[in-house]
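Structure incoming, see below.
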Amino acid sequence: MTTTRRNLLKFVGGGAAGALLTPAPWRLITDSALWSENWPGIPRPAHGGITARFTHCTLCPAGCAVRARCVAGQPVSLTGVKPHAVSHGALCPWGIAGHHLPYHPARVRQGPVKEATAAVAQAIAQRGTGEHVAVLDLRPGRTVSWTHRRAMAAINGGLYLTPRQPGYSIDLAAAKTVISFGAPLFDGWGTPGNVIAARSIFRLIQIEPVETRTAAMADLWLPIQPGSEFMLAAALAGNMTLAEAALITGVGEQALAAVQEAAESGQAVVLAADPASPLMSLNEKYGALGRTVVARSDAPMPEAWKQAAPEMSMAAAPDGAIRVLLIDESLPGGYIPWRRIAPKLAPDAVVVVFTSSNDGYARHAQFVLPAAVYPETAEDIGPAIDTVAAVFRIAAPLIAPVVPAVDPARFVERLAGLPASEPLRERAGAIHKAGRGTLLDYTAAKSTPVKDVTADNFWKTLSQGGCWMDDSAKRTAPENLVFPAAGEPPRDERPLTVVVAEPRRGGLESPLMSKLERESNLRLAANRVALSPDGARASGIENGDRAVLETAFGRLNVVVAIDPSVPAGVVEVAGGPRMADLCGGNGRARVVRA
Amino acid sequence: MTGGKIAFASGMLLALAGGWLAFPRVLYRTHPQPVDFSHKIHAEKAGAKCEDCHAFRDDGTYAGIPTLDKCSGCHAAAMGTTAEEKNFIDRYVTPNREPQWLSYARQPENVYFSHIAHVKLGKVKCEQCHGNEGGAATLRPFAQDPISGYSRDIWGRPVNRIALRTEGGMKMDDCVDCHRRQGLEYSCLGCHK
Amino acid sequence: MDREFIARGLQRSSPGRFLLWILPWAALLAFGLYCAGLCLAKGLNQTNMDNRFAFGLWIFLDLTVIALGAGAFLTGFLLYILKLDELRAVINSAVVIGVVCYSGAVSALMVDVGQPLRSWFTFWYPNVHSMLTEVTFCISCYLTVLLIEYLPIVLRNRKLRDVPSFLVFEHKLHNLVYVLAGVGTFLSFFHQGSLGGLYGVLRGRPFAFREGFAVWPSTFFLFILSAAAVGPSFILLTTKLVETLSRKRLVRPTVYSLLARVSGLLLAVYVLAKAVDTLVWINRTSPGHGFLASQYYSWKPFGTWILFAEIVVFGMLPALVMLTPRLRAHNGWLVGAAAMACGGVALNRFVMTVQTLALPTLSFDSFVSYYPSWQEVGTFLAVVAYGVLLYSFSFRYFNLFPEERELRLEAAVHEEESALAGRY
Amino acid sequence: MTPRKRYGMSIDIDKCNGCGACMMACAVENNVPPVPEAANDRKGITWIRVYRVDNHRAYPERRTAYVPVLCQQCGHDTPCVHVCPQQAVDVDPETGIVGQMPERCLGCRYCMVACPYHARYFNWWDPAWPAGMEKTLNPNVAPRMRGVVEKCNFCHGRWHAAQQKAAAAGKREIDAADYVPACVEACPTGALRFGDLDDPSTEVAHDAARPESFRLLEKIGTEPKIHYRSQRDWVRDIANAPHPDGKDQHRG
């Protein structure tokens, strides 16, 4: 037999025919289809025993009780704890995905700890007379806040700065009518479960220019001309006729009369988006002070802690005199625009921020040190605006820290030369000693009076995500409640009023928030603004266009959504540090096509 | 002309031989188990039953292959004289390192299989699916299909997919056979996740 | 070398000129294959399709191309079963067009699915209720039939004929043509229909949903009719095009006339059926599902003009032209009408695929639009380039038009005669 | 054998404040990855999606409501089931749940075209979690791969877990309290309820029978098992076919 081309072809043909009669090709076809189930990049969830662990959410002052479903110890999903006296088993979308934060790709993972320590020490040593060391605590009222305050008291010229605090609590259950001037009741104002549980009791009148989630849930929504809230308040206070107010606010006279009637029919409370707003003074008229607006109560604390620096607002701090500013941004809180802070700094000031996010003060500080995030550390949560009885609840860590984080309290303690302490434990001891209130043990699903619990068990239960709650005391009116008078807004020729329709605290949020912000349009993403069809047309902007939001303080690149529910002359934005730096509350802005 | 026929036939024969004889051998990649564990010895000498080591957790999930602490309970020091035991103690027990057992029966991620439902409600014996693993004196090598990544026990044994008798096993066909016989076959998501 | 493959008695351009013609198409094909490769390697995120526009350019291409390729089965049917012998002049060309269209469509589909490795599941675990199963089975079977029909054309190549066994094989295949034509017709009926059924069964898309007979919605029959109607038109068009490009006469005018008559007749029947179907749908089917037909046409740019264009401008008009002997005899009218008929079917497929998806179904949906990405367009162009190339090679090396040689001889004789006549 | 169930959901639109907790809980429970930056609201995967709907009036008369839309689990002539060419979609006769098998799916997307509720989602990208975040995946649900379709299956992983729990207790029938989808569990306002529609004692069966209850696109005859309700006339109108007016809303 000779090897010809033809024979070679026949050989190959025979081979092909033969191969088809073997399992090989068929098996390869099926195997490759199975390979598509397992091709690289598809992660395999870890398996293991399933347990429930408990903690409290630290993402906002609400501090909702959290039940974590853990697989082999690792939390894989979070739910509320029901039944719960305050949080009622509810969690907000941020809280539901809180266990993703340690793995956030944008997290601050490392920082110049040594350099920052040296620079701070040097600045303290070299500071001139009248120059201060200050801590800015974005979430005052926590136990570590007291550490900060004690440390600042120990340092000569130490200041303890905080954002403006309400200084009162709201007992929603005591209200029959809630007149809300843009307070985002259903979107971050208080404890979600508490607001929802109280919702069936009160009638909600929401006064704000755009239909936010809260306005959509209100019994009555009054779409008001942006910026004219004080006129409406003046009319309610009787300082202006309803007809005049109707003309200015754009709210019909009848609607105003209805609000007035509801407000005066008893048990009304006025709430405002800014808890320190002058609008809150209407509560005096409606007799809400001491009934709905009540004094805040704090959990007992060790006597020794009272040696602490007083809370000071940023405005009260002396100009150009802060040589060292330590910003505790480990938990997101009320962001103070940088333009209010910058004038307070000395020319060669050292600014250190403890944070997990690059979005806040990290943009302004010299030293950015990584802070731990929820649920990595044990800490307590300051009081929420709508909890009346004092509470002490600990966010028990659910996972080991993913990055080497710096504890701001330890840093400040060391700076002040205070001995290292276990403040949470000390405070738990003080609470136990006071002997009041009840201990909620989520693991055992029971509550026990504190006096029936040993100190050790009390601490053990708390440190596993338990909660202490004070007995309901007699409501008293808040003391020293002073609301500043309404100031004149600065003149600004820009055509649009900025309305923050999407409250946002800043800080990290789960990457899965893309479901709400990009994969659907349920929430306004940080880089998006909404314009009315008319407003967009005036600027020559189409839906989805890139544009620049321009205010007196700067510019921001945004994507525009056109939304007929936005009134003309308004640009809806999402809150957050960048927006706060750009315009603060209700500024004026212009949107220009990019 | 005959030359052509011979060429055709020889090509065919070669392919047939390759496909039927060589292919099944090269398809699977075998890996030895980290320790040559003898189920037989443990069953006979220690009188262990399957569920003594392969236990359920409190929540009803199946814990699978026991972890090292279960072994260390008895084997903190050598109990016998075999080299394999000494090896096991030196390499795993003393340094407290988990042996990386290769599970013959690990189902694909997309399979939901509840041991407790089968054992407790269905009264299925371990051997019915796993075969007489408990009586084996030695651990056979772990054979894996490198393309699909699945163990030979759960996917594609025998390679020609012709089974003369319906036997217990852990392939989807085996599951479906048994469920179908008992009228317990409803939907994909009954057993997939 | 090249010469040896070209049939005797046929004149083809020089290899250089042919290469010049091939090169741009080959470049386009290469670019298209790159695009398709991107889609396969990186996934369908390379396209502009999305959850709302889950079908895009490629499905439109598949539906259109398969409708245009219907000439293959219809010509076979008319020639072998109904014995319209004139069509022998275009049958080979029709088969090549069929092969081009069907293999192109199948290749595009392979890129279009998210998991091509699992495409055989449809054969192994078929869901017999799915129109797509019917489509897959019939198209793959019919593509096999087409390839078998294509084989004799290849084997009759001048060089390949040298192999005696090929010739024997070719002869045997040739005896099968009647069977193949029958099977092809049967299969084509079903997959053209089920391609229509694909949309007609969509209860959730009242714009596409139609009632029908037994398991088949009316679109099933409309698609068969419309595909059959434009098949001959497309053959007519391609033949005219090849005649223009190669500057040769390939078939006799009577063939064109016949193709136009068939096309016109079927188109007329289709337009009638489509009109009746539309009326039933507007007045009964759609309102029965809670959807007023008027709302479909209130979303710009899809006004009622599209319905008018589909039925009257690109349906009735070309049908009338092709059925009128005087107009049909005029080359411009003839080609124009055939082109319009093809355009009409493309428009119909566009409406079925694109408009169906663009329209909202829920009251809070918005009307959505979609523009294909360059990767999608590239893949689309690859199919076109592949078609042009396959057809060009087939035309060069195989005898696609049996009358070509006779016509050339006739022309030569005619030229001689007129030359003679001129001399005297 | 256990008696057959017909699981369904009731949604009180008047209670929904559009917070999005259900969407987050769903993605967490079902191992749905976050999408790449390039994705928009038409390429993402949200098994449950809350739409903003409005009354088509201009500001200040405009009013908004939030409507969570998930797979409506059609009970009759289920559009996606009979279009799938390879039986990757089926209805479980025991539970009435429409199931999707990603491993069987070819990715042809015909089912997505068939679904009038846009409740089916395609994996346009390879699933990708930020490094470390894959530790938070739920072991009861298998992650999907690129190129397949997925959708809500009433948290079938939870159904499995409930079954396993019942089996551990030696029971064949699950405890109703053990099987609640993640969205229902997460809803802070209690707008979502879940249960057996065939059991008249359940809250959902009661809700479904209320006069203000409606289903989306009921007229097309697919018998969806998600029952919405609202006291507001204009909200109930969303059940019907779209009107072309007032459709310039882009954030819905």
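For clarity, chains are labelled A, B, C and D in written order, and residue numbers in each chain start from 1.
The rule we apply is simple: a residue touches a chain if its C-beta (ideal position, glycine included) is under 8 Å from a C-beta of that chain, and two chains touch if they have at least 3 such contacts.
A quick note: this is a predicted structure, and the numbers were derived from the prediction, not measured.
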Inset, instruction - Averaging the CA atoms per chain, pick out the one whose centre lands closest to the mean of every protein CA shown. - result: D
Inset, instruction - Could you tell me which pair, C-D or A-B, is linked by more C-beta pairs in contact? - result: C-D
Legend entry - For subunit B paired with subunit C, centre-to-centre distance based on mean C-alpha positions, whole Å: 53
Inset, instruction - Return the distance between the CA-based centres of subunit C and subunit D, expressed in whole Å. - result: 40
Legend entry - Geometric centre distance via CA averages, subunit D-subunit B, whole Å: 38
Legend entry - Set of subunit D residues in contact with two or more other chains: 40, 43-44, 51-52, 54, 103-104, 126, 141-143, 145, 147, 249-250, 252
Inset, instruction - Scan subunit B for residues touching two or more other chains and write them down. - result: 59, 61, 108-110
Legend entry - Overlap residues in subunit A, where contacts from two or more other chains coincide: 32, 35-37, 44-45
Legend entry - Inter-chain touch pairs (all): A-B, A-C, A-D, B-D, C-D
Legend entry - subunit B - residues contacting subunit A, complex: 2-16, 18-20, 23-24, 27, 57-59, 61, 63, 108-110, 145, 147-150, 155-156, 159-161
Inset, instruction - Name, in rising order, each residue of subunit A that touches subunit C in their complex. - result: 29, 32-33, 35-36
Legend entry - Of subunit B, residues touching subunit D in the complex: 56, 59-61, 108-110, 112, 114, 116-117, 120-121, 186-190, 192-193
Inset, instruction - Note which residues of subunit A are touching subunit B in the complex, please. - result: 1-2, 4, 6-8, 10-19, 21-25, 27-28, 30-32, 34-35, 37-38, 44-45, 49-51
Inset, instruction - Can you check the complex and tell me which residues of subunit D touch subunit C? - result: 36, 38, 40, 42-44, 51-54, 67, 69, 77, 79, 82-87, 104-110, 112-118, 120-126, 145-149, 216-222, 237-244, 247, 249-250, 252
